[in-house]
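The structure appears below as C-alpha cells.
Labels for the chains are A, B, C and D, by order of writing; each one numbers its residues from 1.
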Amino acid sequence: MKRNWIHPEEPQNAKRYWRSTAELERRESFLKNLGREFPAGDTLTPEEAENGRRDFLKIMGASVGLMGLASCRRPITTILPYTQHVEWMVPGKPVLFATTMPRCGGATPLVVTVHEGRPTHLSGNPLHPLGGGIDSFAQASVLDLYDPDRSQKPLGAGKAISWAKANELIAAAAADAKKSSGAGLGIVVGATTSPTYLRLLGEIKTAFPQAKLYGYEAVGGDAQAVNKEVLGAGVKPFVKFSKAMRILALDCDFLGVDPVAGEPIKEFTKHRAKETKAAENDMNRLYVLENRYTLTGGMADHRKAIPAALIPAAAALIAEQLGDASGKALAASAPQALKDWIAPAVRDLIDNKGTAVVLAGSRCSAEVHALVASINNALGAYGSAIDLLQEAPKPDMGDFAALQADVSGGQLKTLVSLTPASLFYDAPDAAAFAKLITEKGVKLVHVGSLLNSTALHAAVHIPAAHYLEAWGDVRAADGSYSIVQPMIAPLYDGASENDVLLALLGRKKLGPAEKPADGAAPAEDAGYTAVRDTFAQVAGGLDESKWNFTLRDGFLKGSAYARANASVNAAAAGTIVSKAKAGASPSDEAIEVVLVPSSGVYDGRYINNAWLQEAPDPITKLTWENAAWVGSATFKRLGLEDGQHIAIRANGVEIEIPAIEAPGHVSNSITIPLGYGQNNVGTVGGEKGVNGYVMRRLPGQFVISGAKVEVLGTVAELAITQTQNTMEGRAVYREGTLETFNKDTEFAQKTGMDSHIPENISFYKGQVGKKDTENPDGFDYETKHQWGMSIDLSKCIGCTACIVACQSENNIPVVGKNQVRKGRLMQWIRMDRYFAVAKTGINNVAQESTWAEDNPTPEQLENAEMVHQPLACQQCEAAPCETVCPVNATVHTDDGLNAMAYNRCIGTRYCANNCPYTARRFNWFDYNKRNPLVETEKLGIKANNLYFGPLGEKREDESIRLQRNPNVTVRMRGVMEKCTYCVQRLESAKILQKQVQRDSKNFRVPTDSVKTACQQSCPADAIVFGDLADAKSSVNIAKASPRNYQVLKYIGTRPRTSYLARLRNPNKNMPGAENIAVWSNNQY
Amino acid sequence: MEASASNTPRILDREPLVLNNRSYSWITNRICGIVENKQPALWWILFVPSVLLTGLMVFCFAYLISTGVGVWGQKQPVAWAWDITNFVFWIGIGHAGTLISAILFLTRQKWRTSVNRAAEAMTIFAVMCAGLFPAFHVGRVWMVWFLAPIPNANAIWQNFKSPLLWDVFAVSTYFSVSLVFWFLGLVPDLATLRDRCRPGLKKFFYGLFALGWRGGNRHWSHYETAYMLLAALSTPLVLSVHSVVSFDFATSVVPGWHTTIFPPYFVAGAIFGGFAMVLTLMIPVRRIYGLDDLLTPKHVDNMAKIILLTGTIVGYAYCMELFMAYYSANPYEAAAFTLRGLTGPSIWAYALMFSFNVFAPQLFWYRPFRHNMWVVMFVCMCVNMGMWYERYVIIATTLERHMTPGSWGEYSATWVDQWTFVGTFGFFMMLFLLFLRFLPVIAIGEVKGVLPQSDPHFDDHAEKGIQEEDLMAYPDRHVAKPIAA
Amino acid sequence: MSTTLKRVHGYLAEFDNVQDLYHAAEHVRDAGYNRWDVHSPFPIHGMDKAMGNPRSNLPKLVFCGGITGTTVAFILQTVTQTNFWSSLGLGFLQEIVETYPTVVQAKPTDIWTLPAFFPVMFELTILFSAFTTLFGLLALMGLPRWNHPLFASKRFAKFSDDSFFVCIEARDPKFSQDGTKALLEKIGGKNIELVEDEI
Amino acid sequence: MGNFFPRWTNWLPLKVGIAVVFIALGVSIGVAYYFTPKYTRVGYEPTQPVPFSHKIHAGQLGLDCRICHSFGEASGHSNVPTNQTCFNCHGQGKGGIRAASPKLELVQKAHQTGQSIPWVKVHKAPDYVYFNHSAHVNRGVSCVSCHGKVNEMEVVRHDQPQSMGWCLDCHRNPEKNLRPLDHITNLNFKPSDLKRADFYKGLLDKKVPSGEIAEVIGGKGAKADDLDALVNLAEKTFGKEVTQKEVGTQLKKHWQIQPPENCTACHR
C-alpha cells in the first residue's frame, strides 16, 4: 500500500542539491509528496492511500454486489499537483542517475532508477570501464536505504541523544584532542579508495599531528601489507581476465565473495563460451584449490579440495616447480596426491607463460601472497595478464594489532570508528577488546548505519548516511574516479564518513541543519564542497562542464591509475616465506575450521538486508542463517543429519552451530560463513545464525586447526531452498568438454531423449513457431515483437545477482525464514544447484543429499562436480499452465509472452501443478500486508505473524514500500505470479517507440535496447534477451549457437527461453581429467 | 391379504427380496416408524459429535479464508494436496447412489429398491462435502464468481478448455440431477408420511413437499416414465462426472497424471468407494432400526460382489499404470512411479493404498465372508481408507517429485488440513442422521411394488395353478372375467 | 348436514388388493368411462393397459430440453472462445458478448478446438433434460395441487398405505348418481362413498 | 376432517412461477444497466475547489490541451498542471489576468503557502490498469475520444464509460477514432473539415504508394496512380465529404495501427 513517508528536515544553512525549486523553497506540497510513491499527485490520491492496489483487488471482489448501490458514484478522490514544477520531473517517468557504490577496497559503478524522488532499482553503469553487471550485494543495497531498522538517532552510551548533544560531544573530543595536538585521538577506517575521504584523513593528520589512524576490515587479509613489501608502496596488481588464459586460484573465490582487483567477471566468462570448434588454448582454463566449494570452484575445469592449511604448501610447491625454493619447508608437508595434481597444472601454466596467472585469496596468509607474487613474476604475468598500478599515496595506518596495543597501552582517549566493520562484534576476541576499551576509558565514537553491538556500546553513535543519501567519491579498482551523488535527502539525517571527519575538523555540524534566517540563501553543504574540492584536484581545476559530465557518466574520463614501474622484491618475499610455519593437514581428531565471508551478509554488514538474507547461498542453498559446512565423508563419519547441532571447540572457545552436508568439501574440515549471529540489529538480521568470529584470536586468522567436534542431539530445521542435490540423471543441465564439443558441436541437442523426439502429429496448427504459409496460425514476426531469452551456462557462475535484481524490479515480497522452511520462496528465479560425480556416469547423490545409492570414495565425495542453472518461467509457446486456468487469467500474448493477469487470478494453483519447470509462485499469505518476519503472540498462541491473518500485526516497515516499482502490480494473497520477462519494461519500450513512430511504420524497438532486470544485473553476461523477430538482435545470434538446447524439450512446450550447454576445458594430463563432465552424457 | 400371504406362489422361486412375507402396512409402519417414533439413544450419541465436528469444519474454513491458503500444508511444488484429495474422495463416494438408482434400475435389479433411497441421500451429502473443497481451496474465494459465465463490462470470459471449468459444470450438474432424482423418488413416500400424521407443522411440511400426491394411476404412468428418463440421463452422467474429474489429471503434462487409463480407472474406483460407504452406513442402520427383513443378506451379498469386481478393476489399473511406466520407455513416467512406489518419500502411502484397495476386497471371493456383517464392515472400512490414500498418492506424492529435480520437496499436512477433513465427515454424518430422522430411509412405494402380491395377475396363478386354462378361456387377458353372481 | 354448498366430485370405491383393483379397472374402462382414476400406494404393472391410458409424451419434451442444452453450451463456448461465428460472417454474435480470442497453450481459436467443448456440452444437455423432466412431469400431472376433494375422504388417506381405490368423477358424461354406484358395487368395490367438494 | 391445505393454495405454484420469472427479468436488466460503468461512471461531475472553466479556456480562448496537461505526449500520465502554470497568466507580475478575482483565491493561497490545490479526480482507472496517454495521443487517438468535448464543459464530467469492454471495442476497430496528428487536441474536429486532396497528399508525401492508398479506399484491385485519381476514387466511394471511415482506414493501414488486445497491454 502506498503511504506518505514522513520526510526528515533537511539542512538549511548548507548548500543543497535540490531536485526542484519546490524543494529549494521547502514547499509544503513538495515535502508532503516527497515520500509518496507517486508524488506527482496525478496518481496518488488520499483515497488511494486508503486503498492500495491489493486492497483494491479485494474491494473489487467484496463490493461487486454493492457496486452502484452507493448512489452509483465513487467517493471523492483528489489530485495534488505540485505548486511549482519540479526540474527533470515528468510525472510517471523515472529519472536515471549515475552514481557509484563504495565497496571494501573498490567501487561498483551504478545507474539508479529514481521514481519521483525514490531510488527504486540499481543496475550496472555500462559506460564505466569496469561497468556491466553487478553482484547481489550492490543490487540489494537499495533496500538498506529504506531499512526501517537503520540507526536513526545518535546514541550516547546506548541511549538516544539529540543531534545537538552529539555535535557537542564530537566538538569536545576534537577540542581536547587539539590541546594535545591530537595525541589520544584514534580513527579506525575501513579499506576505502575515496580520494576525499583520504584527503580529509590527511587533513586530520595535519590538524592533529599526534592522532593515530588504523585500518581495519573484518575479513581483510594481509595482501596489502605483503604487496607493500614485495611490490612496493601503493603498488596494486590489477588482473586482466581478458588476457589470462590459464588461471590457478588458491582458495580465491574471485567469482564470488572474494573479488580480486581486476577486470569485471564478464571478461573471464567471455573466454568460456565457444560457438565453433576451438583449440584448447582459445578457451581459458581454471584450476582451483580450495577446501570447500565456491562459485569459482564450480566454474573450474580442474578443482581439488584440499585442507585450507595446505594452501601455503600448495603455493610453495608451485613456486618450487618454477624455481623459487624459498618455500621448500612448506612444500614438504604436501601429500603425494596434491603433488601429482599440481605438477601437470604448473606445466600447463609454464606452457602458457605470459597468459597464465595464479591468484591467492585475500584471506590467505602472508607467505601465500609472497609466494604468489614470485610465482606470477616467474610466469611473466606482471605487465601482461596482471597490470601493476600505482595507487595515489595514502596516509599510513596501523593495523588492528597496533590498535590493540595502543588501547591497552592507554595511548588512546578517543577512538572514532568509521570502518563498516563492527569492532565489538567481528574483531579478534571482540569481547576482550570491548572490555579493554571500557577499562581504559577510551571514548568510542562509532559511525554506522546498523544498530549493532558496537553502536549500542559506543560512547557516541552517529547514524551513517547511505551512499544514496550523501555526497562522496571513490576510485574503482582501476582507479577511475567516480562521484557518489545523493538520490534522495537523508531519510534519517545520517552522516557520511566525510561529514564526521569534517565535524572533527570543525567544518560541519552533523544532523539536521538549522533553518537559515529568512531570505538568506541556504549555505552550501560542507560534504558537497569537500567533494568538489577533491574533484578539482583530481580533474585539475574545477571545470563545471567536466563536473557535470562526470556526474552524468558516473566517472571521470582518463582518471585511472598509472602503471607502476615496480618489480618483485624476491628477498622480501623470501623473508616473509621463511617466517611461515608449515600447516599440518587435519585429521579425525584435529579438525580444521575455516572462516569465510558469507554469500548472504558478506562480513556481517548486510545482516539486515532481507533480500540478501533470503537469496539462497549458491552452494548450500541455505537462507536466513549460517551453518557449519561439513564435507560429506566427515558428515557420514560423524553420523550427522542436516541441521543437527555440533559443538566446535578450538582456540579455547566453543560454539554450537547446526551442521549442513557440503558435497565437494574436503574431509575433516569445517567451513563457517561469517557475519551472522548479531543480535538486536533488527527484525531482519536479529537472532539469525551463529557468530563465527569468536573463534579467531588474531586478525589474519581465518584457518583454525586442531578443533574438536562434538555431535549434539538437537536438530535445527534449516531454511534450505533445495533438498534435491542431484539431477537424477535427467538432462536438465548439459555440459561437455571442449573435446566432446569439437567432436560434435551439437552434442547438447542430442543428449538423452532429445535425440529421439518423435514428430508431433497434431490435429490442428496452433500458435507456435513463425507464421508463414505452412503455419498460418504461428506467431507474427512481421508486425510484432517476439521476445526470447538465452542463458549461457558456460558463463553463468551461479551467483544470485539475478534473483535479487528480479526481486527489486518486480516487487517480489520477502517471505521470511518460517515460510522458506515450508518451501514457499517467492523469488521468480530459482537457481538450481546440482552435484555430480563421474563414478557411474549418472551422478549418484540420492535425494535428501545422502550418498546412499552406492558408496563413493571420500575422494569422490570431495571432488563431486557442481553446476548451477537459473530457472524462471520459460515462456513456453505451448504453455501447459495456460490451458488449465479456468478463468483465463494466464493466456498467451501475440508477442510470445505467457501473460499473467493478477487481477483476474482466483488462485486455483492448477497452473503451478501443470508447469513442468515449477516456475510459478503462489501468494500463500498476504506477504506484503502482514509482516512475515516477526513472531506474534495472540490468544496465548505464539506463532509466525502470518498465521494470525487479520489479527496479525500489519507490516510496520512501511519505508520498504518506498522501494516498490510503481510499474508493477503488488500482488495480494491468493494470486499466482511468475516471471514475465519484465513485461513492464517491454511495454514501456514499445510505447516509447510509439512516441518515436508517430505517423510512420517503424514500430520495432531499437535492437537490444530493452533489457530484463536479470540480464542487466548478470555480471557474467550469461543472460541474453531480445526480439527474435529482429534478425540483428543478439538473442537470435545466441540461439543460433550449436550449444543451444531447451529444457524438457521432449514434452513439446517449446519454451522461448533456451540454454547454451556448458563447455569445460580439461587438461588431459591432470589426474581424473577423463571423468570430467562425463556424467552429463549419460543422462536421459 | 392374509389369503395371498398364506399360499406360496409358484412363480416366485427366486430368493424373496422381502423376508417373512411382510404385508404392505407392515412395511409402511416399520419404515414410517423410524421417522415417527423417538430416535434411539445411539442416534443422539452420533448426532451431537457430528454437529460439533461440523462446527470445527466451519471454523477451519473461516480461518482459511481470513488468513490464506498458507494455513494448509501446500508449497512449491505441491500446490494441491489434501484439498483436492478430499474433493475427489467425496465425489467418488457420491457415485454409488446414482449408480444404484440409475444403472441398477435400468438393468431391472429389483433388489436396489431397499437401498437406493439411502444411497441417493448419501450421494447428495457426499457431493455437498466434495463441493466445499474446490470452492474453498482457491486463493481468493471472494472472486469465485469469475467461474460463472456472466456477461460483464470487462468483456472477459471463462476458459472452456480448462478441465477445472469442466469440473465446475460436471459437479454442479451431477448435484442438481441427483437432487431431482432423489426428490422425485421421495414424493410418494412423503405422501405416505403426510397421510399418517395429524394436522400440524409436520403435516404441513410433508404435505408441502408431497405436492398433493394422490397416487392416481394417471400420475403413476407419467411418474414412471419420468423416473425412467432420469435414470437414463443419470447413467451417462454418473460415468462422466468422475471421468471429468480424472481429466484434471489426465490432461496435464505431469508424469504420473498424464495417463489415458484414468477415466475408467477413476470411475471404477468411485463405484468401489461408493458401495463401501453405502455398506458402512446401511449395515448399522439395518441393525439399529430392525430393517433386517428389508435389507436382507442378499442385498449385502450383491453389493459385496460389486465391490469385489470394481476393486479388482482398480487393482488392474494400478498394475497397468506400472506396466505402462515400464513399457512406454519414458524415463520421466518410469521415474514418477519408481518414486511413488519404491524410492520416494511417500511410499508408505502407496503401500497402504495397494493393500487396502486391492488385497482387502479379495476376501469377498468366499461366500461366508460376504454374509458375515463384521467382515463386510471391515473390508468396507479398508476400502474407504484405501480410496483416500489412492487420491493422496496420485495428487500429493506425484507433485512432490515434479520434472525438474531442483524444485523437489516433501509435503506434510497441517492441523488445519486434517481437521477440515475430519470436519467434513461430521458434516456428512450430521446430514445423514437428519435424513434418517425426517425422511423414509427406504423407498416405501418401491419396496411394496416388488412384493409378490403386487403383481396384478398374482391371484390368477395363485388360485388355480394352470394358467393355460385361463389363457384358453380368456385368450385376451384384458377382457374382464364375468362376475360370479 | 351443514348448510354449506357442496359439489359432487365423484364416487370413491375401495378395493383391498391389487388383483381386484386390476379387474375393476378393466370393467370401468369397458363401461366406457374416461374421467376416472385408480389410486394405489405403488405403480401397478400393466395398469395403464387395464385403464386404457395413452403413453406419456414426456420423452418428447425432454428431448427438446436436451437439444436446447446442447445448443446453449455450443453457442456459449464457440462465441466466447473462437472466431467460428465471425468466420461464418456472423461476427455480431461475438460483438454482443464483446469477447476476444484468448490463445492458451497454442490451441486453435477456430472450430477445431471443438473437442475441448464436448464436456460442457454434454453436461448442459443432461442438466437441461433433467430439469425439463422434473417440470414437465409436474406440468403433466398438474401437481403441485395441495387441495383436492379426495383428501376430504377419511378412507382415502389409506391409499398411500395398503388400500386401493377407484374414483369415478362426476364430470364424466357417463356418470350417473346410481348407475355409477351400481357399477362400482358390481365390480366388488367396498365402502363406496360419494366424495363431495366444499365450495 | 377435510382438506389440510386451503383451496387457494392450488393456484400458488402458478402465481409464484410467474412472479419469479418477472423478478429475475427485472433484476438482470437492472444489473445490466445500473451496475455497469455506463451508469456508474458516465455523468460523474464533481464540483472542483477552483471553479476552473474548460469552456472558457479550451473553448472560448481556444487554449491547446497541452498548454496545461503538458506531459500527455511524453508520459503515461497526462499531468494536472502545477499551480505555477496557472500563475503564468494569472499571477501578479506575470500576466496578472484577473489576479484579484475571488475565484482565484485558492490559487493565490497555494502560491503563497505551497499547499497544493486538491482537484477532484474525475477519470480514475483501477490501480491494476496501466493506461498510457502517450501511446494514444501520439498515434492519432484524440483526447475527445475518451474525455468527450471538454471544451464545452463548464465543469468536467465523465463522458465515456471507460470500462474494459469499451477500451477493447476501440482496440478492435481503431479506425473509428483515428485522425491526423495535427488534429489530436482539436476537440471540435470533424473528418469533413479535412480537405480530401490535402489528406491524400499528406499520405503521398510520406512515401505511401498511391496503389496501396487506392486499395484501402476501393478494396482489392482498385487503382489510382496520382493524387487526382485518388481524390476521384475517394469521392466515388465516400461521397463529397471526407468521412471518418475513410480517414480511419487509411491511417490504420499506413501508420500500422495495431492496438494490442493482450492482458499485458494494460495489466502488469
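Assume contacts are C-beta pairs under 8 Å (C-beta built on N, C-alpha and C of every residue); 3 or more make two chains touch, one makes a residue touch a chain.
Note that this is a predicted model, so its numbers are computed, not measured.
Looking at B-D alongside B-C, one finds more C-beta pairs in contact between the chains of B-C.
The innermost chain, defined by the distance from its C-alpha mean to the mean of all protein C-alpha atoms, is A. Chain B and chain D have CA centres that are 58 Å apart. Computed centre separation for the pair chain B/chain C is 27 angstrom, with centres defined by C-alpha atoms.
Rounded to whole angstrom, the centroid-to-centroid distance between chain A and chain D, based on C-alpha atoms, equals 47 Å. Note: centroid distance chain A to chain B, computed from Cα atoms, is 59 Å. Shown for chain A are the residues in touch with two or more other chains, namely 57, 880, 883, 885, 888, 891, 894, 904. Multi-chain contact residues of chain B (touching two or more other chains): 151, 155-159, 161, 165, 207, 212. Looking at chain C, residues 98, 100, 102, 104-105, 107, 113, 144-148, 151 sit in touch with two or more other chains.
By the touch criterion stated above, chain C contacts chain A in their complex at residues 102-108, 112-113. Residue ranges of chain A in contact with chain C, taken from their complex: 763-768, 777, 877-880, 882-883, 885, 888, 890-892, 894, 1054. Within the complex, the chain D residues that touch chain A are 34-35, 39-41, 44, 46, 71, 73-85, 110-111, 113-121, 124, 126-128, 130, 132, 134-135, 138-140, 180-181, 206, 251, 254-256, 258, 260, 262-265, 267-268. Those residues of chain D that touch chain C in the complex are listed here as 1-10, 12-13, 165, 168-169, 172, 261. Taken in their complex, chain C has these residues touching chain B: 16-19, 21-23, 25-27, 30, 37-51, 53, 55-56, 58-59, 62, 76-77, 80-81, 97-100, 102, 104-105, 107, 113, 116-117, 119-120, 122-124, 126-127, 129-131, 133-134, 136-138, 140-141, 143-148, 150-151, 157-162, 186-188.
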